[in-house]
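See below for the structure under consideration.
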Amino acid sequence: MEIQIISFGKISEFIAHQKIEISDIRNTDELKAYLETSFPLLSNMKYKLSLNKDIVQENTAISNQDTVGIMPPFSGG
Amino acid sequence: MEIQIISFGKISEFIAHQKIEISDIRNTDELKAYLETSFPLLSNMKYKLSLNKDIVQENTAISNQDTVGIMPPFSGG
Amino acid sequence: MERKVKNIFIDGRIEPAFIAESISKHSVKTTIGGHSIFMGQVRKDEIEGKLVAAIEYTAYQELALEKMHQIREDIFQKYPLHCMHVYHSLGTIKAGEICLFVFTSSTRRKPAIDACAEIVERLKAELPIWGKEIFEDDTHQWKENS
Amino acid sequence: MERKVKNIFIDGRIEPAFIAESISKHSVKTTIGGHSIFMGQVRKDEIEGKLVAAIEYTAYQELALEKMHQIREDIFQKYPLHCMHVYHSLGTIKAGEICLFVFTSSTRRKPAIDACAEIVERLKAELPIWGKEIFEDDTHQWKENS
């Protein structure tokens, strides 16, 4: 299946928005492991994922055409 | 001796600013008793005295030409 | 120790434009990260069937400014503030108009927020200011802070 | 239950005149007795010998507005507020300029003050917004809320 990756803040400097084709990834935990292998800088950082319009709090199933956001710690205000 | 009485808020409606001549009043406790006798409405109210530029917290000696303020509860803000 | 007692009293209502101007003046103070403001607005309260049209404020000004000076010194001792401004109206302030403006600024947000709240509490409890609620039929009653 | 998600984002700095206008609009709401405002201002921090000239704010807007909507509903549940307004800048905000404006109003002072402080805390912790500190020499670092 295909998912859309979007990235923010510091992370947007080394992960561009992109569509990725994933075959054996079914949930956000598996996606995290995949991302940290593909983008080693990510494994040393604090970050959260969003899935469509929700922040991921626990491991969640991913479906075709989902949008996953990769978000470093917030610094608004 | 002579002291100046000034009044505020609700109390200014029944005690006008005035100079009073007092002979046997030496301190603020005695003045309170005198004021409550002279202005009976005062004895049913909460109020504080000021002596010159301080709010009276405890019984304080009064001197000739002092200014005593009679103040109902504050309602600023 | 400086002994300059600042005036806090303004004749009549406090204008939003005055507040904006006060905010603007802080843009040159670039160590400030957070500003906290409290404003008191006159309410059209209904009391025994009558509506409050305005509050007429009077004060024992000398004493109030002296007391406010102490509060200011206490607050600057207690909180790392860059700025603190307090304005209170005197005279007749109509319902919907602003009668109190407290403005604090600090590097990080918490001191400004905490100091602003504490100033409002102390000001209401300690400053000799009185509000006369004037009803629409021109009768009145004296306000009391709870 | 209303599902209108309000926009909180403003391009560029928040002008004091905008704040004044926002205050003015509340004069017709005569059950309001207290207003609380928090403003965030960009600091010219010195970091390893370099001065911050500006912060460039970006956000995951869709998610941020959704989250802010939840915060708004929680706050209205918890506090008896008449009004709540939140504005956050996007884009480049220079040191000394205002990038955040939170404004709450209630009949008595305490709900407005407490709600305003809580909104600021939650907004900083929960909204996907990022600040890039741009130094005077055009290098940058990403801010992190503590």
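A, B, C and D are the chain letters, set down in written order, and residue numbers restart from 1 in every chain.
As a working rule, a contact is a pair of C-beta atoms (placed from the backbone, for glycine too) under 8 Å apart; a residue touches a chain by one contact, two chains touch by 3 or more.
These figures come from a predicted structure and were not determined experimentally.
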item: Farthest chain relative to chain D (centres taken as mean CA coordinates); value: B
item: Length of the line joining the C-alpha centres of chain A and chain C, rounded to whole Å; value: 49
item: Length of the line joining the C-alpha centres of chain B and chain C, rounded to whole Å; value: 27
item: Numbers and ranges of chain D residues touching at least 2 other chains; value: 40, 109, 120
item: For chain B, residues contacting two or more additional chains; value: 77
item: Interchain contacts (touch definition) - all pairs; value: A-D, B-C, C-D
item: Residue ranges of chain A in contact with chain D within the complex; value: 6, 8-10, 50, 53-55, 69, 71-77
item: Residues on chain C engaged by chain B in the complex (per definition of touch); value: 40, 57-60, 62-64, 66-67, 88, 99-100, 120, 123-132, 142-145
item: Parts of chain C lying in touch with chain D, wherever the complex brings them together; value: 16-17, 19-21, 23-24, 26-44, 95-98, 105, 107, 109, 112-113, 116-117, 120
